[in-house]
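Chain lettering (A, B, C, D, E, F, G and H) follows the sequence in which the chains are written, and residue indices restart at 1 in each chain.
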Amino acid sequence: MVEIRFHGRGGQGTVVASKILADAIAKEDKWVQAYPEFGVERRGSPVVAFIRIDDKPIFDKSRIYAPDHVVVVDPTLVEAIDITEGLKPGGTIIINSDRRPEDFPFHGAFKVRTVDATAIAVKHKLGSLAAPIVNTAIAGAVTKILGLAQLESLAAAIRDGVPIKAEDNVQAATEAYEMT
Amino acid sequence: MSQDAKNEKKFTMTLPADELMACGHLACQGCGATLAMRTMLKALGKKTALCIPACCWAVIDGPYPYSSLDVPIYHCAFETAASTATGVKAGLEMTGDTETTVVAWAGDGGTFDIGIQALSGAAERNDDIIYVCYDNEAYMNTGIQRSSATPYGAWTTTTPVKHFKTRPKKDIVAIMAAHRIPYIATASVSHPEDFFKKMKKAKDIKGTRFFHVYAPCPTGWKSRPEDTIKLARMAVQNGYFPLLEIENGEKTTLNLKLKDRKPVDDYMRLQGRFRHLKPDQIAAVQAEVDARWERLLKGCAA
Amino acid sequence: MKKVIMGNHALSYGAMLARAQVISAYPITPQTQVVELLSEMCADGKLEAQFIKVESEHSAMASCIGASVAGARTFTATSAQGLALMHEMLHWAGGGRHPVVMGNINRSMAPGWSIWTDQNDSLSQRDTGWMQFYCASNQEVVDTVIQAFKVAEALMIPAMVILDAFALSHTYEVVDVPDQALVDRYLPPFKPAIKLTTDDPRAFGGLTGAEHYMELRYRLEKDMERAPALIEETGREYGKLFGRDLGLVDPYLCDDADFIFVTSGTAGYTARVAVDELRAAGVKAGNLRLKVFRPFPFDRVREVLGQVKKAAVVDRNCSYGAGGIFYQEVKSAIYGRPGMPPLFGYIAGLGGRDITTESFKEIATDALAKDRPEEEIVWIGVKK
Amino acid sequence: MRPKKAKKIVFKSAEEMPLMICSVGHQTHNLTGAWRNIRPEIDLGRCIKCGICWKFCPEPSIDVVDEWPVVDYDYCKGCGICAEECPSKCIVMVEERK
Amino acid sequence: MKKVIMGNHALSYGAMLARAQVISAYPITPQTQVVELLSEMCADGKLEAQFIKVESEHSAMASCIGASVAGARTFTATSAQGLALMHEMLHWAGGGRHPVVMGNINRSMAPGWSIWTDQNDSLSQRDTGWMQFYCASNQEVVDTVIQAFKVAEALMIPAMVILDAFALSHTYEVVDVPDQALVDRYLPPFKPAIKLTTDDPRAFGGLTGAEHYMELRYRLEKDMERAPALIEETGREYGKLFGRDLGLVDPYLCDDADFIFVTSGTAGYTARVAVDELRAAGVKAGNLRLKVFRPFPFDRVREVLGQVKKAAVVDRNCSYGAGGIFYQEVKSAIYGRPGMPPLFGYIAGLGGRDITTESFKEIATDALAKDRPEEEIVWIGVKK
Amino acid sequence: MSQDAKNEKKFTMTLPADELMACGHLACQGCGATLAMRTMLKALGKKTALCIPACCWAVIDGPYPYSSLDVPIYHCAFETAASTATGVKAGLEMTGDTETTVVAWAGDGGTFDIGIQALSGAAERNDDIIYVCYDNEAYMNTGIQRSSATPYGAWTTTTPVKHFKTRPKKDIVAIMAAHRIPYIATASVSHPEDFFKKMKKAKDIKGTRFFHVYAPCPTGWKSRPEDTIKLARMAVQNGYFPLLEIENGEKTTLNLKLKDRKPVDDYMRLQGRFRHLKPDQIAAVQAEVDARWERLLKGCAA
Amino acid sequence: MRPKKAKKIVFKSAEEMPLMICSVGHQTHNLTGAWRNIRPEIDLGRCIKCGICWKFCPEPSIDVVDEWPVVDYDYCKGCGICAEECPSKCIVMVEERK
Amino acid sequence: MVEIRFHGRGGQGTVVASKILADAIAKEDKWVQAYPEFGVERRGSPVVAFIRIDDKPIFDKSRIYAPDHVVVVDPTLVEAIDITEGLKPGGTIIINSDRRPEDFPFHGAFKVRTVDATAIAVKHKLGSLAAPIVNTAIAGAVTKILGLAQLESLAAAIRDGVPIKAEDNVQAATEAYEMT
């Protein structure tokens, strides 16, 4: 069983990112569970989402306290909150950032990987300059880094699940997938 | 002007400096409802008690065991803003506190829909409360579903683009006017001084007083947070949300006569919730606004 | 002072003697005389209270809650549909710790429309965090209202005083109306530790996360658990002042009984007559009338049932798909305890159907003939 | 006005909580500056002290210090209203550095 | 066809596949996605239904009742406060024999405001004459909605399909969405024997005197008693068509168990994980998950409990003044039956507090250490 | 005229002979509400379904298992006349019956007070129902308690003589007009032909239609049963209860212009519920009636 | 119009009752004439056949037989409206004999 | 224990009559219970009221099916309904009527007594000619005939319980009491 936690902000599509991943994984006949933090998030405020993956049915309906990996959709959160909370020793932290893994304090204690999802999103004109929509790019990177699914599955998941600009999103995901 | 002269110059405050609403609250960026609360409390002061039903403000104030306001709040059931306020007022009076102003503070859903019966009852009894409806034109706290305050044409999650709302906005001011209560006023977050003045006036009137306050919601309107004040101002200036007062359901006063009203078009274009509308549909909205405006002028004349 | 009054007026007198400060109510048959007399008492200045004539029961309870949190002693009364319409607000008063006292006239739930008695209305509120007192006489009604305020305010938990439609609400009985001075001694003014005031501004009932909610509800349950002892204590105190003890249960000839009825409400009094007749016929019968249903009087019920050979619970209600509610809760209370008797369950008197001494004899005959129950529930007096 | 940066409340037991469900602390414990992704910067040189930014801030997170407007970045959510409404356009919104 | 969907959408799909004809609902967190998706389905013509966007839940249920008596298949969904506001109308749909199917998301009752899960909202409706199905997975949600219509319409009794807030409502899971053609085969159109029509004008629910009311309610109870068999039969039929049997209870490793949990909702699935871990640690544990609470599955519960040495009922709810509701009803169900085990009661997870495998292990440890319960209720995971 | 001539003469019937309401019902002697039902059904005919909430009519129709009417009735909860009717209409439409007229039939309490929210909601959605409020100005079925339709000055059991009702009657027609529904009409049992005509007209309009019907109650008004029609007629003629129609909340038509309105005085003297009023209090009622009449004339002009 | 003097309904068992709570009989079984303490008597000699009594009877218990108004005393409750409204005053209310 | 049933019409004060009697009886320290028929009576329709008297507390809360005596406030009911239903053999029937006991069919099977309460009420100007209020006169006759209480107690009960025209009512009751 693999458990992952996502950090983002209300309105950035953090939940969507986890949902797309879940779709992709399910396409490969694995069992998956994805859920947002159970809260009243407001636009801009920090939010969290989780996903649980296994190759047999998942009966545990309790929440995830010690994830295997952490994904940070919004880098400004790294200062704002403790994104490593409960993270299993040796777990991977994937951050949307143009900086290098070494630049992060918790590098070493954990495997840190960065991907400039924002740049990719902007390049593919996803969302606005002020508020680029990075969820598909993030999904691409995470899929690859954690080896969760094939690129095809992810692409298919995006085509099912993302109504607008599906192809641009697929390309963003693909670029992120291949870059990392 | 010289830097020293400037250093000398006082910072202009068109409203009292005291803040009974503090920062740290949970409103979204650019929330109009929050600004409305801030302004009202400046007018009513510390001797105020609020009854807040389910609505964004039930969240904005902050979770247990915290609060953002310096006045007591009773968080009441969704449909009970008016009836709870009536009870609080009676309870305070029977225990010796006759000065405190009791305010029911509710959203448009809690007022136009599920709370209208309690409100109508209080108005009929002329209970001694101020009822404030901050109108963001949908159920925002639950994630943008239509209310009867949602205007014609608007997208919400329960009026999807293919089935956008085709009924006009319920005219709550006309409905309350028909109750012939002592005082009714509309206000907009874009005109805080006007809101402040009216609230001060209402404070000294006895009986049921009703405020309809226009409070844009960037999250629900799919507008830019920074446009909140601009949108509210446009709505006032194009007659979409006229500023007025009605006394005893009779004497209607338009607070700013607009000689040349701007078209609603550009106001609507700034909001994602109207993006799908075709020109003729926007024209329909314009027509409705014009008609209502005419009725108002008539009403004032009468 | 002795008066011949109807049960509904007994409620009004109770509220008046308790010096309720805010009353908010809505009329419904068979409760109307309660509010009519209270309106008059307010008009005549006999009662110094604000009477809010609301537009629905939902608003009635909402305004009672508002008045209560502001520090006023608050009373209302309703029945059946009105009580059901209050349901959300009953949870509110319970969870919010607002010691409102309410009279409820037991009337059957529609549809079809019925104004006659059964207990489904009040028993469907058993999970709302209210105390429930069931009365068998108009005397008990007026006494219980006064005690209910004392207990409710001590625990900050609302209380319901319940009486059967017509059989009490509209029945005139001789009542010894307590003396105001004595009542004032028994029941001091309501002075809550925390209330809504601008001197100490607080937000009541804000969004309560998973890290806090459970503790607040735990406290409510713990305070509920303190109620039984307090009800008996204040009941004895009441007895000292007024000569009538008020307790959790009213056992009649149970000590030496082989067989007892477990009853509530007016049927619990008619049962006594049946017991006398059964004893005359040689059956060592008894009757345990439950006066308090919430909190459930676990200890007393176990005590009494532990000493009898057989018992029959008579329910004037039905939880569809589960059976009689008193039967269910009594069984649950004595499960796993040594020396408990076979317990038989009967449903009778729904929708105002009369429960007579004959009904009880029919029940006794059935129960005495069997070693243990053969059906989940036995229906009495129904055309099958 | 309540103190800023009020302290967080932690109850060790149910008994510690008031019997009624009511607030005992102040929401200013919550530093909403963390929500911001663009920040307002005021060029006081061009500020005319009109008070408009102050009056329209929904938090409110524009303080008045010695008769000058000062943004309290602990709370400012970066909505941009002040910049939008400022008549002398002396407030600019800049990206938070990542 | 496999889809990753949230529990709320599972409800919407269920209603769509059942071809609901009239939907009347009001939004409330955490139910909103149910109505949002249904709005879209109606807009896209995927579902041929009238969606009435009412102004309150009370009106939602009232209009569902009106549509149902006119002969339409009717669906709604709500949660907590909304469900409570419907209370009067729940009695109405139950007593009036209107087979409305409703999704309810378990959310804690205010005050304080909570949007998180516990079962007090739906369990406080246990006396309203509705059937209640508790789900543990999104798959079960979609399947149960379809079955619920079949059973409800056969018996003319309304049914509630219940799921935990967030833990199901907002959790995405892999769901095998049934095929429409098969569903149509399983669930024929709604054709009530009696309905409101001008061709055969009747007055429904008029004033019903003491000489008639009780018989009507007796019939309701008798039909409720037919439900358990029907639920199992239609559940097997469902299994034949869709490969998933639906029953009254879901026992896991109970046959050879010394100790079992009695659970419901999502906690009933988490319990299975705990059971596996306990077994790994040498404890012969099991889990009995109740899928149906109304009507109460007496026989199945007795069957399973009759074969274990000890059992612990885990309640995500509390009837203040009486304790956990499942505990109460299970005790009541097995009272006076030979060979029943000591039964322990635990309250956990109120107001959204998480119930984890650790919670279950704590419960097992406590229960296994004692011969019989020492307190009325044990609270788990609360700061005392 | 000669006896033969008379034998020849046909019996005059200003309304259809068919009776969909039969005798044997449980109304009090001289009940106005009953007459209102009789007249309405003559206009709507057999293809009509009624939703009747708690009110006298829930009893008048007769107990289970009987009914006095030849049209289907759903006896619904007190506050749900409008919402139940909306549901019935939707249910009928979805099962193929598009012709039946669905009528919500409620008293003043079920309309002005506990049912106003459901009514307001239906009106906002413009649900396709006819809503009829028969107004006997109090909660009669429960034994004469005040409703918000109870006029100023009236005694009821909850407004005892020492505390008679001091609030004016809620203006339901103005409130519904503010909802801008397609059709609103008032009617009186004293003018059955007028009521009949309006009902026929309403039958052919789509959307929410509202009727306010004046129905004296001898039991509750402490008036003589034989005065029921007389009282209703006086109320119409002195402007206490004007007969009018309002289309789309705008076009108001007064059905009978009264050049010389009679004073309300003698109308009130016939009713025990007003017996305690002093001349100045009756004058106050007169003033209120006059004022409302003036507003109406203005409204029509506009 | 339903038959007058419809028969009383008696259910022998719960099974006999329709599953839904709905009417199966007609209220005309109830002879409300028993409520009357004063009775209307029509002097047909003076009757002008204006139909006013018929139109205003709330029961309705004035039938039209061969174009003449006839009171059905099985149902007439004796409210007196017909007598009050009759323009030719040809209806008088007389005490029921005791 | 004595059980009595009253027959009248909605609006005639039948319930009041039974209530006044109950008051009078209670004044003599007996226990009494009085209740109306549990129905939705309408003005003019037949109504019933009951009273139960004992010299010890009354616990039986069920209804009265076999009364010892019957009181008929409105004589027209004698034709309309079976007023003897359930009446115990040899029970007394008291009728408000100007006719003689022998004129009634059930005379013989039961003890029939008549009193012209209407005449008395009219004489004392109680109510209107069309609708005289006979309850106090009836109460007077019943009290005497059944020996339920002293005249003083009845008079006192009327003074407590009848707000308007108390003295006229006392006189009506007295006259009926003495006449019979």
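The rule is short, and it goes like this: a contact is a pair of C-beta atoms (placed from the backbone, for glycine too) under 8 Å apart; a residue touches a chain by one contact, two chains touch by 3 or more.
Values in this document were obtained by computation on a predicted structure and should not be read as measured data.
J.: With a step meaning a move to a chain it touches, how many steps does the shortest path from subunit B to subunit G take?
T.: 2
J.: Using the stated contact rule, I'd like to know whether G-H or C-D comes out ahead in C-beta pair count.
T.: Of G-H and C-D, it is C-D that has more C-beta pairs in contact.
J.: Taking each chain's centre as the mean of its CA atoms, how far is subunit C from subunit F in angstrom?
T.: 40
J.: Could you put a whole-Å number on the gap between the CA centroids of subunit A and subunit G?
T.: 79
J.: From the C-alpha centre of subunit C to that of subunit H, how far is it in Å?
T.: Spacing between the chain centres: roughly 34 Å.
J.: So the centre of each chain is just the mean of its C-alpha atoms; given that, what is the distance between subunit B and subunit H in Å?
T.: 64
J.: Which positions in subunit C touch two or more other chains at once?
T.: 29, 53, 55-56, 58, 69, 81, 85, 88, 92, 95-96, 110-113, 115-116, 202-210, 212, 215-216, 218, 352, 354, 382-384
J.: Multi-chain contacts only, two chains or more: what residues does subunit B have there?
T.: Residues 26-29, 58-59, 61-62, 64-67, 70, 75, 77, 79, 113-114, 116-117, 120-121, 124-125, 148, 218.
J.: Among the residues of subunit H, which ones contact at least 2 other chains?
T.: 38, 40, 42, 44-45
J.: Would you tell me which residues of subunit F are touching subunit C in their complex?
T.: Residue list for subunit F touching subunit C: 54, 58, 64, 75, 77-79, 113-114, 116, 139, 141-143, 145-146, 148, 157-160, 162-163.
J.: Touching subunit B in the complex: which residues of subunit C?
T.: 21-22, 24, 49-50, 52-56, 58-60, 62-72, 74, 88-89, 92, 196-198, 200-209, 212
J.: Name, in rising order, each residue of subunit H that touches subunit F in their complex.
T.: Interface residues on subunit H, with respect to subunit F: 10-11, 40, 42-45.
J.: Report the residues of subunit G in contact with subunit C in the complex, numbered from low to high.
T.: Against subunit C, subunit G makes touches at 11-15, 21.
J.: If you look only at subunit G, which of its residues touch subunit E in the complex?
T.: Interface residues on subunit G, with respect to subunit E: 11, 13-15, 17-24.
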